[in-house]
Amino acid sequence: MSGSDAQPLLTLRDVEAGYGGQRVLRGVGFDVPAGQVVTLIGPNGHGKTTLLYCISGLVRPTRGEIRLDGQSIVGLPVDRIVERGIVHIPQGDMIFPDMSVLDNLLMGAYLDAAAATREERLHRVLSLLPRLAERRAQTASTLSGGERRMLAIGRGLMAGGRILLIDEPSLGLAPIVIDQIYQVIADLKAEGRTILLVEENASRVVELADRVHLLDNGEIVWEGPAAELAENDELLETYLGG
Amino acid sequence: MDTAIQIVVSGLTLGAMYAVSTIALSLVWGSLRMLNMAQGALLTAGGYAAYTAVVTLALPVWIGLPLAILVGAVIGALMYLLVVRYMLGRPGFETNVIIGTVGIALILENLVLRLYGAYPLQQPIGLPDGFQVGATWVPWQNVLILVVSILLMVVMSAFLERTRAGRAIRATAQHQRGAMLMGVPVGRVYIQVLMIGGALAAISGIMLSTITTLAPTMGYDPMLKAFIICVIAGLGNINGALFAAFALGLFEAAVQYFLGVRFGFPALLLLVIAALIWRPYGVFGRRKQARL
Amino acid sequence: MIAGLRSTARADWLTGLVLLAVAVALPFLFPSRYVVGQLTLFFIWATVVSQWNLVFGVAGIFSLAQMALFAIGGYVTGMLALYLDVSLWAGMFVGGIVAILLSLLIGLACLRLHGAYVALLTLAVAQVMYLLIITDTECFMKQGVTCINFTGGTRGLARFGDFGFRDWLPYSLVPLGTYFLALAVLAVATAFSIFIIRSPLGLAFQAMRDNPGYATARGISRFKYQLVVFAASAFFTGLAGAVYAGHFRVMGANVLYLSLLLFLLSMMVVGGIGRAWGPILGAGALMLIDEGLKELVEWRLAGLGLILVIFVVALPGGLAGALDGIRERFARRRTAEG
């Protein structure tokens, strides 16, 4: 399954990026092995979202390497990168507000590869996220915050894909809803999906992740197995307020 | 009663023609954030292309018309490939695209002038005869225009709602980055929308030329009216635009009947000014302006 | 940044003085009536474009009503002279003020609009003005045996006199009268527009353009500033209209033609939207190109269209932008070596 001797699915080396002259990422590098849940934590505004944008192609890194299965994806147009199997569930959801829940989900299966198994996938997603099934004909803009998050995730799952990039799934949600979302992510992990998860909330992450990277000021300042993080009180306090 | 029928007949015909060109404008604006100032020129090109096909090349109508519509689509594609493509992603896109499409419109108009001269031509396509309703004469051509328009609207609606490409267009309109993350190639959406817009404009031009005449500047007024309708409905709101198109057609027919043709347009303009002051985002529009 | 500003001000003054000197010398170097006339027209259009550039390019208002302001300046001046015997010199300023009033009305109407909606509303206003003029067929006053319409109608407003240069200057130098008047207006209008562009207000507008959320974040009443710029620029536009009226001694609805609007738009685009020296560069370039295109009468429209497309695709900063780019690269190399 997730052979540590096999080449990592996603590799980043020395990635630098910024906006309008301001450097946000200053040489970031790490691996995401297939079948594992790797998380990126750290204070907000320090580049986590930018990094995900770099991987999916919405932002072009000024320097560095990003490889999927050994092949470089830097500079490719977003749709090509998505075609290769990178599914980005973005911060803020980016759902299509005036389309129905069903149409949003169908958009998730836009790519040819996904379209073939669309019905099957739809069935699975709706059973994984029953609230969406209830509201399938509703316009997306009328959904609650938690439901929108579910929709964004469900839409991402419709694509299949080889690696899921999930940006702050707990952002702005009530604890109960966060539980539900993380349950879904746990289910995905159990299925063996490769996930790169970005979170500000370290405590949730620790239960789920295989490996944790701490991004501060655009650099990776710490990395290790999740268990180690849980024991490292100093780190937890300095960066994440316990 | 006869007055009413008269007005309804003219109004629906006008409305139908406006509706088709308005869908084109609204579609392009809604999904691409482009105010297509070449809309009028595309309309004109369609009308003249039909004339060329049927008169100059003596092709049968059922070949000539689709060819003319194809010309509209091709010009739309060229607009993207030669001009719009290079402006994507740059700051000030919306302004630059307005000016760029003005440039394209001037080139097209000049081409038409050179090829056909400034003298108005008679468009020979169209159904002859008509029927009597009370004291009003209803030409079959007007009925055809109405039927074709409604058909087009149904087809466009089905396309946007039910097909994968149509969904991609709507998604791009509502959230371009989100659509990109779904794997939608934005360049392809642009070319598709511009081709559809071009084809629709051409159809509307052909229809208009059967009722009036062919002239190189025939596209200006309909384009301005299409803008007015889109703005009143709220840019990007296709359903509202259709409603507004027919409403405006009837309004214009009524004003023309009671006050004379001269006052049709100014009355329309004053209506627009008033509407914009009252509802800054269009009568049916919303802040976000994406409604496909 | 402040040092940069100071050197920019110096550069602006220098450029302005050089251009002014050249402009003063030109009619004596090329004493042809035609050339002087064309240059006068160039000054008038450059004035209009410099103000339109402020409104459109700097303040970000998509107004297409510039020529309506121009027209009202000219018409008011002409009508005051025709009906109330007011000298064009005094009428000129009244024309400018009426233009301000009209711009305030338009501005308030555009209160909650933005982008394309503003374009449509302003276009509608200009079109209404045009229609009002050409449908004016009633006999307002009798001049001898002819009937004149209030606005002059389709024939245009005429016989309202001129600036009176014929009384002061020898016959051969009369065209120089309006030449220097137009130049003076252009000089003041340009100074005003560059002043705004380089001022904190101009920089604030720039910031708002680069970052649309800036204004709301800072609580800046963007609209208030836009209105001020709109009104102030209307004054000079109306003034230009008055000079036009006095120069040609006729004022017609042809100034409201879409083709003229597009011609001036081209000047703005080719010069560089929002750039300080763009209007003059653009107006100059287009007048020259137009002279050239006069040979190819049948392709004039396409030529203009092609220019617009090429500039918008390849040179979005216009000529001024290109020059700035060259200057920057030069400066960078100098600091690298020095």
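Each chain carries a letter (A, B and C) given by its place in the written order, and its residues are counted from 1.
Throughout what follows, a residue touches a chain if its C-beta (ideal position, glycine included) is under 8 Å from a C-beta of that chain, and two chains touch if they have at least 3 such contacts.
All values derive from a computational prediction rather than experimental measurement.
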Moving only between chains that touch, what is the shortest number of steps from chain A to chain C?
2
Chain whose Cα centroid lies at the greatest distance from that of chain B
A
Does B-C or A-B have more contacting C-beta pairs?
B-C
When the centre of a chain is set as the mean of its C-alpha atoms, what distance in Å lies between chain A and chain C?
53
Chain B-chain C separation of Cα centroids, rounded to whole Å
33
Cα centroid separation between chain A and chain B, in whole Å?
43
Complex interface listing, chain B residues touching chain A
164, 167-168, 170-171, 174-175, 177-186, 288, 290-292
Hey, which residues of chain B end up touching chain C in the complex?
29, 35, 83, 86-87, 90-92, 94-100, 102-111, 113-114, 220, 224, 227-228, 231, 235, 262, 265-266, 269-270, 272-273, 276-277, 280-282
Within their complex, state which residues of chain C touch chain B.
62, 109, 111-113, 115-117, 119-121, 123-125, 127-128, 131-132, 135, 210, 258, 262, 265, 269, 273, 298-302, 304-309, 312-314, 316
Touching chain B in the complex, chain A uses residues 56-58, 77-79, 82-83, 87-88, 90, 94-99, 103, 106-108, 110-111, 115, 155, 159
